[in-house]
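There are structures below to look over.
Common to both upcoming complexes is chain A, partnered first by chain B, then by chain C.
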Partner chain A sequence: MSDVLLSARGLEVHFPIRSGGALRRTTGAVRAVDGVDLDIHRGETLGLVGESGCGKSTLGNALLRLVEPTGGTVTFDGTDVTALGRRQLRELRRRAGMVFQDPFASLDPRRTVAQTVSEPLEVHGLHGGRRERTARVGELLELVGLDPAVADRYPHEFSGGQRQRVGIARALAGEPDFLVCDEAIASLDVSVQAQVLNLLRRLQQQLGLTLLFISHDLSAVRHVADRIAVMYLGRVVEVGPAEAVGTHPQMPYTQALLSAVPVPHPELERNRQRIVLRGDVPSPAAVPSGCRFRTRCPQAFEPCPDVDPALQPVGPADGHLAACHLHGVVGTPVSREDDVPEGPTPGDAARAPRDAGRERR
Partner chain B sequence: MTQLPTPGANPAEPPPAEPIPPSRPARPRWRETLGLLARNPTAAVSAVVLVLIVLVALFDETLAPDGPNDQDQSIALQPPSWSHPFGTDEFGRDILSRVVLGAGTSLRVGFLSVAFALVVGTLIGLLAGFYGKWVDDVLMRLMDMLFAFPAVLLAIAVVAIRGTGPANAILAIGIVYVPIFARVTRASVLGVREEVYVRASRSIGASDFRLLTRHVLPNAAPPIIVQTSISLAFAVLAEAALSFLGLGPRRPNPSWGLMLADGRGFIEQAWWYSVFPGLAIVLTVLCFNLLGDGLRDVLDPRQRTLTAGSGR
Partner chain C sequence: MTAPVLAVEDLRVQLRTPRGTAHVVNGLDYTVGPGETVAVVGESGSGKSVSVLALMGLLPARTATVTGRALLQGEDLLAMSPDRLRQVRGPGIGMVFQDPMTSLNPVLTVGRQLVEGIRAHQQVTRQAARARAVELLAEVGLPDPQRAVDRYPHELSGGMRQRVVIAIALSNSPALLVADEATTALDVTVQAQIIDLVERLQSEHGTGVVWITHDLGVVAGIADRVLVMYGGRCVEDGTVDDVLERPAHPYTRGLLGALPDLAEPLSDGRRPDLATIPGVPPPPTDLPAGCVFWPRCPVRGDARCETEQPPLAFVESLSRATGSSLPHRAATWCGEGAR
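For the complex of A and B:
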């Protein structure tokens, strides 16, 4: 068995922009995920960070095909996820779960906790009889720190943290290997965030889970993640061991992101250097040519608009990669004729265009 | 990261301590709905009256003082009296008995036609709303075509093709209401299908069938329930109209619409002939409408949180 559980190559999710009217011509595309290369190792927690709108959640959804990728490949434990049939896709969704951001929205208000948590068991025909399922639901609730006696209650009777525990129990019901936590703590109180974070860490160790922890909260990510990937405008721009990325970021965007994290020490906080980025994130419907960060990069120089940077090894740490020309100009030159920056990227050949980014299988 | 209290939050409700499970006993939704309905006097009274009307229709043979077609020319066109509280018609038939027995016809046609429209229309709306794209386009354009015809004209066309009689009246009225249910359902489904819990179910591998039956339909149901109640009112009215035009149930079987039509010729000599079946129609239609309005309020989730917050 290889060390890599899940890997994405040149993954793209483009949502078509259609003009109004009866004919609905496609006039452009929002490139929510635009050529992501990412490996997730077995048993690790990979933190995925970036500003809102950079495509983190879309990437997480595309890995499980909750959003159809429009190009590129996703390989889960040796099988190509993008080519799965209906039955295999169901098995993938047993082996890979998802925890959602808003625990108030992610539970069906008309179904009891027991019905919600046992749904994966029913769907996948696990734990046959009703009695075994009830027992299993009790186990799962205990596993996430809830009293099994609450199984017959409805979601509106719970607090946010308790609901999120129910959501985690549901995600774990199929005994998955891989869990995507999509901003799983973002809408919780700070004290509850810590509880849920610790729960996730404990479960990971207990069950040997592999986690993709999507968050905009850098300090939370540094707390849980073994490795960190930084996303900007649909692309992973830096990835490496959490320690290396957290303390020696090699890409100006990551440096700016980290400098925005407050330090819990008044004196250090007062004197800390901040890199303030100017301007807004460009629209993912009109991505800048070459390096997509160049329009806001304080260190942008000559090759940035002309060469689309590829991830390359940087810094002293092993497996630390960044897509930045400051570490040597590596990447694909942009053809200048294209007015719209439709720069070819590595792995382009593998990226057969499929159906437009649809929301469902 | 900072948790400032939002102005919309209810300050009276303290956040529950995290590890302690809530103590309120589980209560099914429909029980809660019934409880709220009982607190809405108009809707509650309407519901009670409708139950009474249905009971009358069910036990019509027992309740009717005379047979519906018992003729007695000697008492033709008698005004209301103690022996004939609603008077008699031109053949000396007891109008009260005929109104009681007509309830069955009117309600049967109303319920069955709305049931037909409910099943077909909800299915179409569910598929159109959930799958979108070309499925939506094809189904909803078909519904638009049905909608384009005036309701009575469409019903007359169905009866013209298939002949008169109660079964065809049911089909005719049912077809008229299919596009209404399709639209209401589609609109509701469009909102529900984007809910995170639907995506969450998909993420654990649930099939489309499961998503539709377990998650989308139950959560999209409230407006459909309201529409059912209001449509029942109109269906009873439509049955009366079709009968009035001679396209529904045939004589001598009693039907409110037919009695209205027959009474029309005697309106100057015998007002009771058409007034009492008319009142029966008005009462039934009014109650279904008021119940529909009440259900709309009760099933509104905002209403639910309001009363739930103050009621505990």
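For the complex of A and C:
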């Protein structure tokens, strides 16, 4: 049995941009996920962070084929996910669950909690009879800290935190090995976020789950994750043990991101050196050549536009990788023919569909 | 001491709802001095947003009952005629809301929206107003303001849109800026840019700022003083150092405990569980008698908790220990702040 549960190689999700004319010709592509290499180890929590529009949600969806990858491979427990047929895909979705951001939108308002949580059981033909299913729903609700007596209630009768627990119970119904939590605490109040974070950690230990915890909240990610992956413009640019990435980030983007996270200590806040990045994230429809962070990087130098940096070992910690030429120029030279235009104009950014819009769907 | 820009006295807001009368704000008192930033923090439903909407006369008159006084440079906002209020919004109060997409008009260019605000309050020609609009966009750090002025909101990113909203709010040099979750929808890197911007403009113009947020990290960075709201009441207020470093109310302590503290050491490679506040905030239609926080309070035990509302009292032992001359108050029967 391999230590790696899920692994992505060169994963790409490109969305075509079509012209407005009658022919709807493809005029370009939004490179939401653009060559991601990532391993998720069995039993770990991998935190995936990045700004809105960086492709982190699309990556989470592509790993479970909730959006179809346009290139690269995803291997789940030895099977190539990208080659699965419909029936096998159903089995994958039993073994890999998803908890969504908005517990108000991800639960059907016209179905009771019991109906919502038992649907995966029916779909996957688990716990055959109705009575067994009811018992299983009760178990699941108890597991996530809800009173089984609430099974016959509707989502509107619950608070945000309770709804998110229902969403987690549904995701656990098929006894998955792997759970993707996509901004699962983003819409909750601080005190409720803490409850859900604790719950996820407890479940992981109790059930031996592997978690992909996608969030823009770096403090929360550093709290729950064993390892952290940082995404920028469709690419994983740094990955490593949570402590190493959190305390000794090796890539200027991660450094800027971490320095921007406010902490609730006035003294620290007054004295901190904040790296304020200029400008906005370039449009994923016009990715800068070479290192994609170079247009905002305070330390960019000669090789950055010409060589697309590959992940390379950095820092003292084991398994700490960063894609940055400051640690030695490693990567693929940019061929001048298919060079992308220098930096996007603001108009491009506006026309390209933003990842953020899809996250809210 | 200079006169406060804003003095709120015993502000109360009740909303009529199908489920009965909601007591959303229940007696709020605070002042904002020139150049001072007061942060109002609390979870959703604590009444923090409604309290400022009430000040600005933005609550529906049919369902909302607002009482108390809110003196903006000595003049009571709550007693103003609608016409006078319209004159005050702009040069008196500028507002920045959470979602820059919904606070801008999508069918008008950025320039039109700025010019409209300027010409509503200043006797200037269209050209002069437009020139001022370009200036303002440059001031809030929009690249290429000459072109940006002719753009529509959808052509700008979230951070750029929020800069435009701030430019509009500042276009009439208000005495008071109210920011309601102004950076909540933005990424941390953009949030840092916006906070820098507001702080710079504030120090240049001496604007008083009311900053409403649920993010205690943001509060630590921008606030001079903090007001913690729960169940429509102020449960603790004081300087940012007093409230965040020496919280006296069990709710404030709970909130701070619920945040992942990265300074904390790891126990065998894993971080300890976060402290949680059990339960959920009470609905404003059915607030508990006594201390609003007692049903969730981990240290309740005083006989008065369930029956008697604790007054906002000075936390003397703590203030004296730090030698701070600024008041630090908490409304609780329990803990060090209790009488």
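We adopt the following convention: the second predicted complex is superposed on the first by the 338 of 361 C-alpha atoms of A that agree within 3 Å, B and C clash if a C-alpha of one lies under 4 Å from a C-alpha of the other, contacts with A are read in each partner's own complex, and residues count from 1 in each chain.
By definition in this document, contacts are C-beta pairs under 8 Å (C-beta built on N, C-alpha and C of every residue); 3 or more make two chains touch, one makes a residue touch a chain.
Everything quoted here is computed from the prediction, not taken from an experiment.
J.: Output check: A:Gly60 vs chain B and chain C. Expected answer is one of first, second, both, neither. What do you get?
T.: A:Gly60 sits against neither chain B nor chain C.
J.: Applying the document's definition of touch, where does A:Ala194 land relative to chain B and chain C: first, second, both, or neither?
T.: It touches chain C, and chain B stays clear.
J.: Between chain B (first) and chain C (second), which, if any, makes contact with A:Pro309: first, second, both or neither?
T.: neither
J.: Please work out whether A:Gly47 is in contact with chain B alone, chain C alone, both, or neither, and reply first, second, both or neither.
T.: neither
J.: Given the touch rule stated above, what does A:Pro284 touch, chain B (first), chain C (second), both, or neither?
T.: Touch status of A:Pro284: no partner.
J.: Let me test your reading of the model: by the given contact rule, A:Ala260 touches which partner, first (chain B), second (chain C), both or neither?
T.: A:Ala260 contacts chain C only, not chain B.
J.: With both complexes overlaid on chain A, does A:Pro252 touch chain B (first), chain C (second), both or neither?
T.: After superposition on chain A, A:Pro252 lies in contact with neither partner.
J.: With the two complexes superposed on chain A, say which partner A:Gly331 touches: chain B (first), chain C (second), both, or neither.
T.: In the superposed model, A:Gly331 contacts neither chain B nor chain C.
J.: Quick check for you: in the superposed arrangement, does A:Arg90 touch first (chain B), second (chain C), both or neither?
T.: first
J.: Of all the chain A residues, which ones make contact with chain B and with chain C?
T.: Chain A residues touching both partners: 159, 161, 189-192, 195.
J.: Quick one: in the complex, what on chain A touches chain C?
T.: So the residues of chain A touching chain C come out as 51-52, 159, 161, 189-195, 197-198, 201, 216, 218-220, 222-224, 243, 246, 256-257, 260-270, 274, 276-277, 279-281, 346-347, 349-350, 356.
J.: If we count contacts the way the header does, which residues on chain A are in touch with chain B in the complex?
T.: These residues of chain A touch chain B: 64, 66, 89-94, 97-98, 100-102, 105-112, 119-120, 123-124, 145-147, 149-150, 152-154, 157-159, 161-162, 167, 170-171, 173-174, 189-192, 195, 217, 360-361.
J.: Which residues, counting only chain C, touch chain A once they are in their complex?
T.: 43-44, 143-144, 148, 151, 154-160, 187-193, 196, 214-221, 223, 240-241, 244-245, 254-260, 262-263, 266, 271, 273-277, 280
J.: Chain A touches which residues of chain B in the complex?
T.: Against chain A, the touching part of chain B is residues 1, 3, 15-16, 18-19, 21-22, 24, 26, 29, 195-197, 199-207, 210, 214-215, 218-219.
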